[in-house]
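Given below, in the form of structure tokens, are the structures.
Look at the two complexes coming up: chain A is in both, with chain B in one and chain C in the other.
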Partner chain A sequence: MEGENQAEKALILIRSRICNPSYIFTPFSDSPESNYSKLKFIISNSVTEACNNSILLLGPRGCGKIAVLNLVLRDLLAEHPDMVSVIRLNGLLHSDDNCALKEIARQLCVEHQLLFSKMASFDDNSQFMISMLRECGLAHKTIIFVLDEFDLFAQGKQRLLYSLLDAMQSITSQAVVIGVSCRLDADQLLEKRVRSRFSHRKLLFLPPSKEELQRLLEHILSLPIDSSFSHDYAMEFNAKLHKIVGDCRFTEIVDTLSGSDSTVNHLLKFLFRAVCCMDLDFGFLTLENFKTAILSIQRQPKLECLQDCSVLELYILVCMKRLEDKEQNSYNFNSVMKEYKGIHDSYQTSDYYARNVCLRAFEHLLQRELICFTDNRGQSQSVEFRPVKLLISSHELYPGLKSNRSCPLAY
Partner chain B sequence: MPSLIGNSSSALYGELDLIGSNKDKEKKSIKGEKIYEIQSKGNSTTQKRRLRSQTTRDSPISSPSKPCSPTKWKLPRRCISGSPNSSGISKESNDKLSRFSKSLQKRLSDTFLPKYSEQMNAVKEVLHVSTTPSVVVCREEEQKRVLELCKGCIEQEKAGSVYVCGCPGTGKSLSMEKVKQLLVGWAEEILEKYQPRKKISVALSPLQHLQNLFSQKKQSSGEKMMLIIVDELDYLITKDRSVLHDLFMLTTYPFSRCLLIGIANAIDLADRFLPRLQPLNCKPMVVTFRAYSKDQILKILQERLMALPYNAFQPQALELCARKVAAASGDMRKALCVCRSAIEMLEVELRDPTCNMNLVLVEKTLCGQQTAPPTEFSAKQEIDTVRVDHMAIALTKTFKSPVVDIIQSLPQHQQIILCSAVKLFRRGKKDTTVGELNRFYSDICKSVLIPQVGILELSSMCRGLSDQGLLKLGQSREDKLKRVTLQVDEADIIFALQGIRFFQNCLQ
Partner chain C sequence: MDKEGTPPIPKRTTRSSSSITPSKNAAKPPKTSDPYPPSTLNDLIFGQPISLDSLLSNFPGRRIQILELLRLLGPPNSPLLPLFIYGGSSTGKTSIVLQIFRHLNRPFVYSSCRTCYNPRILFESTLNQLLLHRRKVVNGYSSAKRCERPADFVNYLREALNDVLTNLKGHLRKSSSEKLEERGNGRMIYLIFDNVELVREWDKSSGITHLLFELYDILKMPEVGLIFISSTSPDTYYSSAGVVEPIPVLFPDYTEDVLCQIFMRNQANPKLYSSFLDVILRPFCRITRRVDELSTAFSPLFKKYCEPLSDLGVVPSEDMKRRLFCHLQPHIAASLNEIFKFESQPSLEAEANKEKFTRKCNMRKVEGGEAFDEMDFHISTSAKYLLISAFLASRNPATLDASLFDSTGGSDNRKRRRKSSGKSIEQKESAEQELLMKGPGSFPLERLLAIFQCITSVAEGSLEEDQQEDGGLGAEGGDIGLMSDVLLQLSTLCNANFISKGGSCPLEGSTRYRSTVGEEMALKNSIWCLRSLMAKPSFSIVHSYLTGTLQKLISRFENDCHILGNWLTESFDCYVIVQI
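This part shows the complex of A and B:
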């Protein structure tokens, strides 16, 4: 009873940690070399020195750009409560200039408790924005514009970018423009006069290295040694965890995971699955949990389909493969039957079925989408005459054949 | 004998007169010698406001008569703090000595001690793009041309137009602002009979109204000339080019009284889009603003930094910056940006483990008031100014593209995909499909005995790479048939992966 409660509490704690981005990225923010400190330095300089600045955050998706930015903004708002106001725009929603200005005006109104009118025209909104910038500049209040999906703002005429960056060239305004993008060449997409006004500062967010990964794992999964958990339970949990993390099989699993996608988000999804597989009766994490998690991430749907096929269906698939190897570009059921007969004649197998049985198996395969028609025009023809093609590749077929329990062919 | 800089105009900048305006007159009465006021440690933002209000100069267009060499500024400092040869200053400093001795702390700001954030802030501000200097150097020629034309038009009461063109960051808008201010000043001073000009900076004005205004005969409202400055003229280009035409045709009306100055980037805008103006003989005068050369950039930077009484940059650092930026684009904003980030490099370096060194320096200057030998002083100053290595780091940060870093940090399979793309495209083809890429990818994996991922995961990795701008994926209903092209240079990929032997062998 007691143990289960502890295990449940531990599970809840770890799951809430994984879903909280500011917890995840705090250990990366300690050193002065980290992106957090650099970003904080730049923005707080702009706030205290009252100068304008612009910066671009680049990096693959899921590396924590917005999370770190939110951390920085949260700390800044705590330090200078009345001197900062934040406007957030997203390239997916607001890449059109009209929409963007309306959104800026609306957020400014909300921030300063003014009434926003939906009927305001584009000119009204832009006048409003310019005068707000001027007013905030005089009041020493910095406006921070966060432009998410920055590369989408760079489509079209880039009027919004130009007007924002141009407003920052004047003395009267006090603003910071932060662009966040996953395209590395986001600043090459800008027009030359917009690029000239942009200050060319870039912060690169890279996926974590192996050491950082280790640190992150321990940071997320270790239980705190304080009063919320019984001391013995927490110590044992952490000791077991440490043993698992040091195991070479675990390192292999993590390597496989990060071989295709090494971002933090991907790792978090994996950890979530692993933690959810934890056996509550046992109460601790095991290596098996992680193995299950990686298998569920690396599912191969077609392979699973093949495992359930009957022998005849597998025969048909193999025949189609052979036809393709012989460079026959279009074949239909009849040719497959011919090939099937050919195999039967040459190999003298006992699995020879009648034509209508084969046709039924063929239709099963069609329904399962392992094969399909090459064109949609021949609706009037019967199934036997329409050209078909394989939807699985050879390196999916072979393991499928191997893994099928009743497959007799040593292909 | 240290010679103080005798010329009055440029030295005015050294006096941030925060104590009182009567001091100004006092100083002017002192012949030929100036005292360099110490910046007080007031609120940095209020300081900023006051700095901007004090940009008075007598002849804005005249080029500064002396070459500015920042090293000269060190001499009077050394006088005050150290050597007994301060007779030049001692006369005036009697009444000021009380102020000097009052705050020993303040004396330390004679030199550039980066640990004082006010000094850093002042340097950064002077280098900020939004700070307009009161003299626009290196553009005197162009300003003169425009000014002459405008003055001529005003005197003869006829209309005229100018088209100003040039790359971004070459000082066009800045110079036109200056011209505008000068015109106002000139007109009010000399031609009092003219009423003050109505200046509009428009992007889109009610053209019809102006057209009516200019075609009417009776102008009973007096002799008012209108100066219209249109910035970013190419945004007005419509399909039938009517807006631009109408705007420039305003100058052709019989009673038109406007001076039109258009600013844009394209050099041949007037020829391409306004061919009808030629027969009417009202083609605008074209003033081209060339990109800045290395010497011009250097001069502008030094001019800006002369506002500060201390020496924050080493001359070699400034020269490196000017040379690099002039070779790249000649864009002044970039040069200012690089200088600011070099200052930040210095700040970061000093913030970290070398605070002890700063303390030592402070101690020495505190106790070595009268006897600090100049050489040691200047040696210490070398450490705390922006050096060539700071500038080099700032330059690489600005000009380097992040592609190489990103490629090196990609997960293994994505790197293999890039390699297979490189190998594929070496054969001359420039684009391929995902299916073929998959084939090459599986060949490479087989040759190195790495288990390959399936086609589904491969196409999602390709999509991730195209999000980042490394590949470009076309559209297709089927995943396998999407067209793939490389967006980065093959050389970049090879350079990024050169450290890994596996890829080296692969790419042979």
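This part shows the complex of A and C:
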């Protein structure tokens, strides 16, 4: 009983570690070459020297741009209390200029215990922001604007970016604008008037290397040797983990994993699944857990979809494939039915169904998104007449047919 | 969205859980409707928890998926990365997730993107449930918060979640002294979004889909678990900017063995039913393996199967099974092709409406017993004429109209045409091909009314009127009894989706219409018209044209409608008699 309890505690601990990005990225922060150190240097410089600055953090999704930034901001807030205030915007939520300024005003009000008016206009809010910037500058307080999904702010007229960066041109203000984007060309999206006001400082975030992945793995999975777990259990857990990590089969698994996608997020998803597979009665991680996890991560959605299809649906798919082989460039349900009748006439299959049944199967295929309409126009046309296309290639169709258990063997 | 304002939680059922496992619903708390008990955190919990065993036995063939989900959800208070549950429709995704939460007894918020059909309703319904707000008369059925923008939603959501979480912690501390199991288990709250695949159609820029998938990163609250349920696989959610994919969990379609287990549940006479399934399941599985469709097809068939039996409680012997099979056999093939009889209806509605439609048709099917040569529903006489004129206008080029409906020299014209078209069969075939590809054509209102005029004037049978109205357009023929208000009828037909309103013609600027009626339906309709026309001794080209259309149609439907064919030859005889 005691062991199971320990195991459950260990499971919860590891799961909460995986879900906590700031825990994951702490080991990367110590070296002076890391993005953490560079970013911290830049921001703390502008805080202490009271100057304006702007930076772009670029890199693929799931590489910890925001997580590292949050680490830096947390440390800065601890080092310089009352000198930094952070405004966070997200391109998904605030790409509309009006909405963004309102949100800035709201967050400034919350930060400084002011009354926020929902009714304030765009102009009011922008005035308010500029005067707040001036006030904060006089009080030697730096406002840090974090713009997540920066590329979405660059859509439209870029009024927000312009007014932010323009306000930073004056000596009285003291602000840092940090853009975060997964588009490497994010700075090219800016208008000329905005670009000229933007300092072209960029930090690139890359997926971790193999050694770093290894270190990260052990950092996440090993249990702390302190009072929270019984000493024996933690020692045994870590020893078993060490053995697994050293195993060449495990290295293989990690290699296939990072072969498809080597970002930290992908690794975390894999680890989460592996940890979920842990047997609580046994209480330790095994190599099997990692094997099942990699199997469930590597999916072939189209094949899975084909396996679910009924025989009639497969017939329709094959008919469409034959039509495509005949280089008929546009076809719809009626021509598929003609082909289906042709197959029936030449092979005398037992599966010949009425038109309405086929139409229903055809609609199932549409629902499964194995086929789709070629255009979105002609909504008023009924299903039979709208041209369709296959969404799977023959390379996927043939293995799919083979793996389907109910598929007739004549093909 | 729950219009009565009662909390949606106690009433939660899904299609499959209500149809397959009616026994399960009995365990639900009896309270609903009129007296509104004050909302408590208990509303976020399903009801009385069930054991793991009954959970597994309620869903045959889903053991792997249930155990996997339970492992992913983990022990109480363990954080969760977003989950993405997907699989074809009617595979038990929603009901299993809800029953798992009933088993775990943890608080959750369920919102389906099908009932919450736009972002605002989705946001508000989620917030209403979190804030324990009920829409009722007192508050004018309004939501707790008005929020349309994603930005507002995230702010409100964060507030509401914080409130709920502190409440949960408070309850946990209080109840720890008494019974720990009384409240919801643990400090986590789960947001479940069902039918996520529909969100993609809400907006072209895929902002909301993106938002939902990124919600976990935006909220940054480890106590909140997100679960998405979708009927399409994760690779169908394309996004130009890329999304962090949630953890996928697949629900594959049921296999034949599992289907057998499912249908055997709650049967009064399992032996009899299993012998029925032995016969029927295999051929039907070749068409579809969806439980909802199969169950509607099986219930009338089973009645038929049981017809020769006087006592339904008997255990069938081998001999009896054979006898019953012989009785059923002729019906199998017919019902295989009639399995989706409702699909032969002309209204091919958008996917979203289909379920409602299916249900309606099932009801109609249960009533049953309608004559095959009748249409399954009643519309007014002039609407029927309007329908057939729309069909004619859609399927024929406008150039043919004059030769068909001109009462002076129509017949000669037509003969001449016959000869000329007889020469080139190839041309005809290509035209046929084009019709198959392009579908029914569109036509302006005037043409429809003109054809309608021609048909109805014949129906009235008075020659003077015929002369007067010939060639005259418009709906001013108010003296004809049938045309009470043609335009009104037309708009009714448009609303019923028999005739669709297309875009306006760029040159003429008037709206164009298109008949969406299928051929089978048109056939039934024209038979009706023919019969009513035959009642009146008038001879017109329209008659022969209608019969011509019928013959063409019948040659296409040879296989399906032999009954119709019989009826029709009969009526042709009649027709000849009338003509003589």
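Throughout what follows, the second predicted complex is superposed on the first by the 300 of 411 C-alpha atoms of A that agree within 3 Å, B and C clash if a C-alpha of one lies under 4 Å from a C-alpha of the other, contacts with A are read in each partner's own complex, and residues count from 1 in each chain.
Just so it is clear, contacts are C-beta pairs under 8 Å (C-beta built on N, C-alpha and C of every residue); 3 or more make two chains touch, one makes a residue touch a chain.
Please read these numbers as outputs of a predicted model, since none were measured by experiment.
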Partner chain in contact with A:171 - chain B first, chain C second, else both or neither: first
Which of chain B and chain C A:23 touches, first, second, both or neither: neither
First (chain B), second (chain C), both or neither touched by A:182: both
First (chain B), second (chain C), both or neither touched by A:61: both
Which superposed partner A:250 touches (first chain B, second chain C, both, neither): neither
First, second, both or neither for A:335, with chain B first and chain C second: second
First, second, both or neither for A:229, with chain B first and chain C second: neither
More chain A residues in contact - chain B or chain C: C
Residues of chain A contacting chain B in one complex and chain C in the other: 60-61, 151, 182-183, 301-302
Complex contact set, residues of chain A against chain B: 32, 41, 45, 48-52, 58-61, 140, 151, 157, 159, 162, 168-171, 182-186, 192-193, 195-197, 199-202, 204, 206-207, 258-262, 298, 300-302, 393, 395-396
Chain A contact footprint on chain B (complex, rising order): 44-45, 48, 52, 121, 124-125, 128-132, 167-169, 232, 235, 265, 331, 333-334, 337, 341, 344, 348, 351-352, 397-398, 401-403, 405-406, 409-414, 438, 442, 452-457, 461, 464, 467-470, 487
List of chain A residues in touch with chain C within their complex: 8, 11-12, 15-16, 18-20, 60-62, 66, 90, 92-94, 96, 99, 103, 106, 149, 151, 182-183, 265, 268-269, 272-273, 276-277, 296, 299, 301-302, 304-305, 307-308, 310-312, 330-332, 334-335, 338, 351, 353-357, 359-361, 363-364, 366-369, 380-387, 405-406
Contacting residues of chain C [partner chain A, same complex]: 71-72, 74-75, 77-81, 87-89, 149-151, 154-155, 207, 210-211, 214, 217-218, 222, 231-236, 241-245, 247-248, 250, 252-253, 255-256, 285-290, 336-341, 343-344, 348, 351, 354, 436-440, 500-502, 514, 516, 518, 559-560
